[in-house]
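Two complexes come next, and they have one chain in common, chain A, joined by chain B in the first and chain C in the second.
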Partner chain A sequence: MRNARLLGLGFLFHFKMLSRSGFNGLLAIVYPLFFATVAFFLFREGSPHALLYASLGASVMGVWSATSTSAGSALQRERWHGTLELLVAAPTHFSLVMLPITIAMSAVGIYSMAATLIWGRVLFGIDLHIAHPVSFVLAIPVTVISIGMFGFLIAVAFVRYRTAWALGNLLEYPVWLICGFLVPLTLFPSWVQPISWILAPTWGMRGIRQSALGGTPIPDIAICAGLGLAYTAIGVLLVDHLLRSARENATLALT
Partner chain B sequence: MTPVVEAQELRRTYRTTTGITRRRAIDIEAVRGVSFEIAEGELFGLLGPNGAGKTTTIKMLITLLIPTSGTARVLGLDVVKDAREVRKRIGYVFGGERGLYERLSAYDNLRYFAELYAVPPREQRTRIDSLLELVGLKGREKERVEGYSRGMRQRLHIARGLLHDPPVIFLDEPTIGVDPVGARELRATIASLTEAGKTVLLTTHYMFEADSLCDRVAVISKGEIVAEGTPQNLKSIVADKTVVEIETFGISDETVERLRQAPGVASVSVEEREQAQVLHVQSAKGLELTQSLLGMLDGVAIGRVAAREPTLEDAYVALVDAGLG
Partner chain C sequence: MTGARIFFVGGLLSYRALFNWLSPWIFVPTFLIAPIFQILLFVYIGRSAGVASDKFYVVGNALQYAAIPCIFAMSNTIAGERFQQTLGFVLATPAARLPLFVGRSLPVILNGIAVCAFAFVVGGAIVGIDVPSSAVGPLALTIAVSAASCTGLGLLIAAVGLRVRETAVLNNIVFGVLLVFTGANVPLSDLPGWMSFLAQGMPLTHGIEAARRLADGASLSSVAGLIGAEAAVGAAYLVLGYALLRFMEWQSRRLATLESV
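And now, the complex of A and B:
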């Protein structure tokens, strides 16, 4: 019960903080519109179905970008502000401190998601017709939370290795491609597919698309949730080891 | 009686590297075998210049750093093996602007840390209210921290450190950079902690602060404790000395060095005060050196000159100088 409360309040606290910067908020909305516009132009010759396919892909790109690039920079901010040491010095297990921070970051990506879909509707007339509304409503938070859990895994590494934020930036574009945000996975060489299977955004994206365009989204949503939980479990197992290493190597106070 | 805080032969080495193509590891010994004990309800001061090892020592005690060797216990718990249990029982406050979420209010900051320190939800509001009252921030708690002065931030830090009502509190230079009035208020708050039965470890390099607050002090220099005792004990080290204060303007390092070598001079420290450099020259009691010292300062602009009794600061300077020698 205490853990659930801590996760919930931690999420609200960090979401409030991330939402406080008007400039960052504006970026979260405007930045993905560029990707969305490119995607719409790529697919504009296609059917309304293809345009919706692109619109949904571009919207999840925003969530992923918000998490992959912010996970590192947010922890960098914790280091600069001197709060990282205070979080580590608290008697709460560090995974319960970190997880709400990264989920809050991916939740900020919902702004981008909404902006992208509205942009598509207003500028390109893409009708957001949803085949399975219940699954769609389920798929979005599952995808956002699973991406946040992936961010948690990156963030755990960042606690020990202060330049690990670069890994987040490095992953931003490849994940767009290999998780099938814009291009179907079948177009890639067969060796790429196992990599995409272990990435939760692949299944989240499929779940959202299947919900909107018609299909059987539940298995995809379930795999996405399962992968998210697996990332969390790996992060929880690693965090004590990495924190001990950080305390041994005196890297917590470094900026 | 079992000490509340106990450090035995604590050592901490940092490894750093130099060079770009040929990287070479260098080990820096920040703390070299520090031992001390703090009794229940005691306010213990750890004094030392910048880089002496104060913060490293405190970070080992609060579980943020693992000692290279030696042991430390807080309330009988090992700071390495029982880190989480230690964390539940200690509060940590450091000086400076950092350590707060600036975009959020003081109340939000305290609420978040209350949650991290497992303060029962029903008690959080009353606990936060009473702490805001204690540190004088009542009425300002809804404002964003980014608009707070340094003194207000520091008081908020103290409130954060006390949220879970810890029996042991570590204060790392809590008044650094705070204006004199704010620092005096902070010192009053620190004094009230021991009145409430808390055990406090305070690091500082303000001697008057240590003199007025601490029951016992240890002076740390180059990672080693060079003296330990009550402020009165330490002052007795220089009881047979007298101090001449000379206000100078634009004195060179060479001239200061020449004064240090002068017959009868025990030590010379330089305090920067805006445009002036105030020399504190220690010599044996009864030895009249003022005229000969002024003679050696020929060509240097001189302001106020005064002789006075030695203070804890003079004892500290003598100890640190001896440690550096």
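And now, the complex of A and C:
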């Protein structure tokens, strides 16, 4: 119960904090819109179905965009603020502190998601008909939280890099590319598909699409949630290992 | 002589001191790997949408990605002085402002050329496009002019950075505008009229068009007009950027906003 409260309050606190910067909020909404606009122009020559396919994909791109760079530099930010040592020294497990931060980062992407769908509707006339509304409502938070959990794993994995933001930023395009946001996975070489299968955004995207366009979204949503939990479990193990190493070698501050 | 030293030596020193992306941990992922993935993203979107050839996206995105070094580096090497608390010292010097500010653009242009050429060659090799060997020289010239033109825009943004705190956000937004408007991925003929009209005044638009024609086998003389237009657009931004820098310098003295962060 205490842990659930910590996760909930941590999420609320960081979501509010991340929402405070007008400039960053604007960027989180506007930046993915540029890519969505290009996609809409390219797909509008095709069927309305293709345009809706692109609209849903572009909307989830924003969630990943909000997570990748920010999560990569999440620990570095605490380091700059001088709070990393305090958080590590706190009696609460460090994972319970970091997880809400990265989930809040991905949740900020919901603004972008909504903006992209509205942008597509208003400027390109893309109607969003949802075949399975209940699944759709379930698929979005599961996808956002799973992406946040993926962000947690990235944040932990990059803890030893001062320039973690650049590594996080680097992951933006590849995940957009191979998770099927705008390009069907069948277009890629066969060796790419197993990589996309271990990425939660792939299944979240499929769940959202199947919910909106019709199909069987529940298995995809379940796999997305399962992968998110797996990332968290790996991240927790990594945290223990890395913090032990940082304590032994006195390298937490990277100075 | 002093002006030449400020231009070349001062420009290089400022670039190395203030553009912290030169660390391999930032340079490699940001300037060498990311443009390849941008090319691949749009090549595959293009294949999925069936709009244009792979070559169209390789050329468009390789040139458009030059915007990242040209805009970010240029704004960092000027607006970055504020964050280092050295802007006051720079502006207190009697050094002529033209070599002081514009000299910082030369390393940025070279950086832009290198990034663009790398993306073009590696992205093209991965996707498998054919470019006639006779086009290599003219393409190099087009890339150089496009990088210089985009750096002109970077100087303008750097000037804004003397007053606006969030230059990184501004740079990203400008990058996105160039992505949509310049025809890097959407042919100008497919854009609404007002967008293709505005694109004529943006850097990279004419350079991308010239590079595409050269890659398709056109001669240098047939695209000289486009390269000239690209150079003219870049020169206009350079003049505007320099004028705005001087204005911002004057304003920051008048309103005491030089060090406000």
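Methods note: the second predicted complex is superposed on the first by the 246 of 255 C-alpha atoms of A that agree within 3 Å, B and C clash if a C-alpha of one lies under 4 Å from a C-alpha of the other, contacts with A are read in each partner's own complex, and residues count from 1 in each chain.
Criterion: contacts are C-beta pairs under 8 Å (C-beta built on N, C-alpha and C of every residue); 3 or more make two chains touch, one makes a residue touch a chain.
Values in this document were obtained by computation on a predicted structure and should not be read as measured data.
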Request  = After lining both complexes up on chain A, report clash or fit for chain B versus chain C.
outcome  = fit
Query = Between chain B (first) and chain C (second), which, if any, makes contact with A:Ala39: first, second, both or neither?
reply = second
Request  = Could you tell me if A:Leu9 is touching chain B, chain C, both of them or neither one (first, second, both, neither)?
outcome  = first
Message = Tell me the contact category for A:Trp119 with respect to chain B and chain C: first, second, both or neither.
response = neither
Message = Applying the document's definition of touch, where does A:Glu248 land relative to chain B and chain C: first, second, both, or neither?
response = first
Task = Tell me which partner A:Phe158 touches in the superposition: chain B (first), chain C (second), both or neither.
result = neither
Query = Looking at the overlay, does A:Thr83 come into contact with chain B only (first), chain C only (second), both, or neither?
reply = first
Query = First (chain B), second (chain C), both or neither: which does A:Arg20 touch?
reply = first
Inquiry  = After overlaying the two complexes, what is the shortest C-alpha distance between chain B and chain C, in Å?
reply    = 11
Inquiry  = Going by the contact rule set out above, which residues of chain A touch chain B in the complex?
reply    = 2, 5-6, 9-10, 13, 16-17, 20-21, 80-83, 85-92, 97, 244, 247-250, 252-253
Query = Considering the complex alone, what residue numbers of chain C touch chain A?
reply = 21, 23, 25-26, 29-30, 33-34, 37-38, 40-42, 44-51, 165-166, 169, 172-173, 176-177, 179-180, 185-186, 190-191
Query = Considering the complex alone, what residue numbers of chain B touch chain A?
reply = 14-15, 59, 62-66, 84-85, 87-88, 92, 94, 96, 98-104, 108, 111-113, 115-118, 121, 160
Note = chain A contacts chain C in the complex at 23-24, 26-27, 30-31, 33-35, 37-39, 41-43, 45-46, 50, 161-163, 166-167, 169-170, 172-174, 176-177, 182-184, 187-188
